[in-house]
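After this come two complexes, each holding chain A, first together with chain B and then together with chain C.
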Partner chain A sequence: MKKHQITGLIVFFLLLGWHVAAQVIQRFPRPDFESGYVTPETLQPGARAGFLELVDLLVLIAAISVTSWAVLKRRSRLLVFWISMFSLAYFGFYREGCVCSIGSIQNVTLAIFSGGYRIPLTVLAFFLIPLVFTLAFGRTFCAGVCPFGALQDLVSFKPLKLDYRINAALDIIPYLYLGLAVLYAATGTDFIICRYDPFVGIFRINATVGMFVFAGILLLSGIFIARPYCRFLCPYGVILNWISRFSWKHLTITPSVCVQCRLCEDSCPYEAIVKPGPWKNPESRRTMVRKFLSGVVLIPVFIFLGGWTGSLLHESLARVNGKVRLAEELLYPAKRLQSPETKELIAFKASGKPAQELYVEATEILNRFYTGGWILGGFIGLAIGAFLLGKLFSRHRTDYEPNRGACFSCARCIDYCPVQS
Partner chain B sequence: MKPSEKHKPMNRRAFLRAGVQVSIALGIGGMGVLAVRRSGTEKLVWQLDPAKCTQCGRCATHCVKNPSAVKSVHVYAMCGYCNLCGGYFRPETKTLNTGAENQLCPTKAIKRTFIEDPFYEYTIDENLCIGCGKCVKGCGAFGNGSLQLQVRQNLCDNCNQCSIARNCPSEAWSRIPANTPYLLKGYGKEPS
Partner chain C sequence: MDTQSTRIPLISLLRKIALICGVFAAIICILVIVNYIQLKRIDPLNTPVMASLQERLKQNPGDDSLRTEIRELDLLARKAFFTSQWQVRMGGYLLLGSVLIIVICLKWIELIRPNIPPIPFPEKDTFWSHRMIRRKWITYTALLIVSGGLLLAFLTYRDLGKSLNSLETTLANQADSVTPVKKEKAVAASQVILADTPRSRDTVVATAPALPEQKFPTRQEILRNSATFRGPDGTGIVAQTNFPVRWNGITGDHILWRTEIPLPGFNSPVVWNNRIFLSGANTTTREIFCFDAGSGKLLWKTDVSEVPGTPGTVPKVDPQTGFAASTMTTDGQRVYAIFATGDLIALRMDGSRAWAQNLGLPANHYGHSSSLIMFRDLLIVQLDQQSGSAVIAFDGSTGKQVWKTNRNVRVSWASPILANTGEQTELILVADPIVASYDPATGAELWQVDCISGEVGPSVAFAGGMVFAVNEYSKLAAIRPGEPRQVAWESTDYLSDIPSPVANEKYLFLPTSYGTFVCYEANTGRQLWVKELERPTYASPMLADGNIYQLDKSGIMHIFTADSLGTPVAESPLGEGSVCTPAFSNRRIYIRGEKHLFCIK
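Take a look at the complex of A and B:
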């Protein structure tokens, strides 16, 4: 090894050492106290203890189990009501609405689509357990455990019937909400279910004016339209609805045989009772086949049209993402001529990160939104198509039965049935 | 179920139902496995990285808690115990006394205690601190940066989506493992 190489190495290490030391050196070195002063410890209090989350989980399982038993075996509306009041107190006011099954959709999505996020087991369990119970017993989670449902059930004094066309139009909103929530969670943009959660502000008594008004509108309209959030917004309800249609057991209005007394006809505030229709002449094989084929053709068309619309909207959808917004602001400074620089822009400029890097990241996010736009639109198209197809076929029913998808298993109708087991 | 019903042949509708039920069950299980496999599980809490923080002031205004669960945390081991403290006094202050007009903190949350000439100890009263970060900015600009904004985990509700994190302009917020819930800069270093 040459001499100058050695000297070079020494210089290198000296520089390295100086560089490292320079980072540690403080502007004002810690003084040497003569009075025997002891430096206090910086306290770092921990988060809520882990076992308490286990308690939440056990309460969840216990509450769904008891509700299922109350609905299917005990057949008692009163018991279901009191369990829901307990859940309102525990999951709503004590746990302050977080974490909830509705919001957990986003955690699961983020865990599946984005690296670097680790899902807490409790959150995963909050997502999965109600699904399992719904597959077994119907939507008993909605009846007795969800604090949102409990709160809205409290105010449904005078439920009115909605026009079926309005009903059908509003039924699409949860699909859209679910699709958007998954899209924004998958792209790591935002948790919109939590952001626009109307009731958490009530549980915590800290709602912003906007959210308070939203919650107020929901609760006021809830007097006449029972459970408006559950029926026309809840994204978790979409999943539960479809699982509940295939549930192993489900609430029945009558304990044994329906006597067609019609007493239960108006008992359901959610219009989830299917009336026995007049017996139609069975359609000819020809019409059935034609209907089926039109479905086979129409649904892909709906999916494609929806997906295409979604892909057209992807830029608007992506604008919610902070990085995309920042890149746009940086690229087109003319757009904010009047308004001063945002804090985001100031912080970005201060960070010294090259703008190119941001543009690359934003483009990548935009591409994900393009794919996401197709999937979201396709999903909405499928939902609309499936709804229309469902209108084409009707299944004859002889008895009054709950609509398994829409029924929250609240057990109100049970009290109206005169048949005793 | 009566014994005669037990061996009733399954009709088409019941068979399809059972098939769909099994598929849903598999789907639920699969989703759980997928979520765990793709990401792993861990209890996480929200925290902000003082190295990235720009003290924009949103921690004070965007927390769902009032006052915010973000507090100015003093890492004593880093402090220079200066008389002229950049985190305590307003920049234009002339007389270094505890007069309210001289203090940077809008809520008088920083207490100044004389130790020995010329050193003072600075303590944050977390009941008064609103997490605005004014002192953190001052300390970082003129001092050692021993004052740092941190989420106090005992105060934090650990919302599913942190309202401050969503509004942070500096990408300083992230979910971190709950067993190491703080990201204090220079903490644990031996005082030189």
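Take a look at the complex of A and C:
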């Protein structure tokens, strides 16, 4: 049996076993304690003492600093690998994936849009510190600190080259995910990044079936497609991608002058190495200018079209909100008759709260989603327009270089370069 | 030593370890899955044996040996279940451990024997052709997203917002139409209580015939505005969200406008749509003011004079109460005000007089200060005085008395609140010596609890069915829901004589006039935190956006989270002193300062 087949089977067993272990916990209904004790939610771990939060922060800073040093100065893939293993153990299994920079996008959004929510300083720091380091040294956070990336790296045994057309299509997904996460956080509906986080279930050995299935798909595909979550889903990666393009010092494949040996050409499992070129554009300058101008004109059209679609979708998007769902359930009893009343509806009826109040709240939420739908759609339209426009031009390169936006600074390519100093 | 020769045995060893761990993981996995399936099939609490034993116990309830047998069986079943659960969990950990070893072995092999990729064949320059194809694929994806979105919207769109709006209006109308029925029932019930029980101190003096049909505000309108002292229902809880937390009245930061108030008064602003109402009075003049919410411009002011029955002499009032301490109220058609002279007046929204009458000079040694409140189209006045205390409801459109309930209480300065208990709306009042609840439609007393004493100034707080009353030199009393109403817990640590408490489902927040702010656990009375605001506080706190807004006498708004921590959010100065409770509406806060009305956005 080949190595990657064994690994695939093992990962499958692992996930199946974890799923089973997690499901057993849910067999008994949660008891209602007369003392008023409320069973904690398992969505996120309990509150952490102040000094331990500080420790987390210091570990984060130390881990990114050491990773940046390992990538830029020491140029050691092995060191980066061991730091990522430490991060997987600390931020993943010990801290159970929370607090997490990816999820912190939602806290920041909620703090901006809701006057009633004050973002904890630790969460804000977890959001900002990787951005600052990325601006300075590229995506070293992704390379050595993010436990999600580390976990995927661990199972990336046989990375295959993904077809460039599929790559192009999948590149849009993180923008969509980012937009949705911001929309739901801004409307106070839900933290979808956390709710559908594929890996925290593994870190906590406790998750829903859906989360385990999602994690299983990602890890199994991660054997052949390196870091699928980071490349085609991660909403924080979108922001890091933008910032990394302007990074002050970024990883270079060669420490000196590229000798064009082509040894590194296929070394990057994330396909983030840009080859020398382009040499000659077959299209005339006139055609290019025309295309560029068309693109510039079309971007507002894309924004409007996206916004319009988003506004039409606002009801569907708003149904994720519990109050809207409850109001709809009350509103359409015929639909409700097809299935038993939900627990939420039973609880609402028992609360004695007037239906009008619920309808008022649901209407306000719907209005927020209408505006949010326009903004979300417009954002996606803008991203697509920018993608199309970006594909019209390219800077001429003479050496093999990392794509600053997409490169995770994992330092794999360094090992392939024969130039040592 | 030759590196290559040491590597080969190591790789072989690592492979063997990985293989052994793989087999171990597979066995564990199978065992865990089998165990899990067994657990899924077994319902330890509902086995046939248990059901049979329980049935036998029902037939022989006195059989102690059977009861013991059931308990032992139940314990055994639970033990077996939890043991299996523990086994599954341990299996999960073993699985995790073995897989980790496999991954480590494989990674180790990868590290010591790196897989150097072959140098690819030189490709022809496909850069631009690939770029063109990428553009196409991006376009296809965009089209897929848009068409998928449109399809989803087409399949699921129901114009939910419009439906919710129309249904909300329909429900409000339905609720209005059933009022007379409820009223008759409540009157009958109250008469029975009055005849049979000596505990009631009150007498229903008069009841009115069915109310004339007319429009009054929907619940949505009430929640959107701030038509009463301490917001909708007078409970201090704001239903709307997104209110500012930081402003500076000195620099003008976040101050939308500031307008001088022509006459003094300690009443709070009343907000209805784009209009703000205040009253002011001195020894010679009583006036009502209407300001534009957008600009702060004084739209009109109406002189309250020539009210039939007004006493020729002005009453003696305390300077801290004044002649216009009672906050006005409105139903969107008229605004209502009461003064220390006992003048009760209704003005239309354009400032013209609808009706006015004098209730008699209130026998109140500090000056009348109870605020007005509306229930549907009834204007409710709490008139607690040294003798002849009563709560009276007037028809808002005509000023005719609809009902009056005498109250055997001493003079008070608190204001009424409306509390939705789930079964009905109650009108809750506090005065020495009782907290009492009335049916606001009929005036019939629903319950009373003897728990308070002294010169009661703070109004009650209500949340989650609990009523909280407090007074200086008396106590803080929490009255639990249920029949009969009883005091759940009491405290005398911190007491208030002017500002009122506010509560949510979990916590009670109590300010004191000497600047201490305390949070209690609502159900138990456990003190959670105490804050020293360091300045006197006369204004009552408001609960909005999950925050407590407490204005101190110097004009600084202390904002902290309405939770078990009370984390400070902001301290925002107004720039002038204030003793008035702020009004919250449509993302704006309106505060009456000593001389100016402020709008904060």
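General remarks:
Convention: the second predicted complex is superposed on the first by the 361 of 421 C-alpha atoms of A that agree within 3 Å, B and C clash if a C-alpha of one lies under 4 Å from a C-alpha of the other, contacts with A are read in each partner's own complex, and residues count from 1 in each chain.
Everything that follows uses one rule, which is that a contact is a pair of C-beta atoms (placed from the backbone, for glycine too) under 8 Å apart; a residue touches a chain by one contact, two chains touch by 3 or more.
Only a predicted model underlies this, so the values are computations on that prediction, with no experimental measurement involved.
Of the two partner chains, chain B and chain C are each touched by A:Ser351.
By the document's definition of touching, both partners, chain B and chain C, reach A:Arg118.
When the two structures are aligned on the shared chain, A:Ser294 is found in touch with neither chain B nor chain C.
More residues of chain A lie in touch with C than with the remaining chain of the pair chain B and chain C. Look at A:Thr342: by the touch rule set out above, it reaches chain B but stays clear of chain C.
Contacts of A:Gln260 after superposition on the shared chain: neither chain B nor chain C is touched.
Once the two complexes are laid over each other on the shared chain, residue contacts for A:Tyr416 go to chain C alone; chain B is not touched. By the touch criterion defined above, A:Arg195 reaches chain B but does not reach chain C.
Of the two partner chains, neither chain B nor chain C is touched by A:Thr398.
By the touch criterion defined above, A:Phe246 lies against chain B but remains apart from chain C after alignment on the C-alpha atoms of chain A. Residues 24, 27, 114-118, 351 of chain A contact both chain B in one complex and chain C in the other. Every residue of chain A that touches chain C in the complex is listed here, in rising order: 3, 6-7, 9-11, 13-14, 16-18, 20-25, 27, 36, 78, 81, 114-118, 154-155, 157, 164-169, 171-172, 176, 205, 261-263, 265-267, 275, 277-283, 302, 305-306, 309-310, 312-313, 315-316, 318-319, 324, 327-328, 331, 351-357, 359-360, 362-363, 366-367, 370, 377, 380, 384, 387-388, 391-392, 394, 415-416.
Listed in rising order, the residues of chain C touching chain A in the complex are 18-19, 22, 25-26, 28-29, 32-33, 35-36, 39, 81, 84-85, 88-89, 91-93, 95-96, 99, 102-103, 106-107, 109-111, 114, 116-120, 122, 125, 127-131, 133-135, 137-142, 145-146, 149-150, 152-153, 156-161, 163-165, 167-168, 171-172, 175, 218-220, 223, 239, 241-245, 420-423, 523-524, 545-547, 561, 567, 569.
Per the touch definition, chain A reaches chain B in the complex via residues 24, 26-31, 33-35, 37, 39-42, 44-48, 50, 53, 96, 98-100, 103-104, 106-108, 110-124, 127-128, 131-132, 135, 190-191, 194-195, 204, 206, 243, 246-248, 322, 342-348, 350-351. Interface of chain B with chain A (complex): residues 17, 20-21, 24-25, 28, 31-32, 34-36, 38-45, 52, 54, 56, 58, 64-66, 73-82, 115-116, 119, 121, 123, 142-144, 152-154, 156-161, 166, 169-170, 175, 178, 181-182, 184, 187, 189, 191-192.
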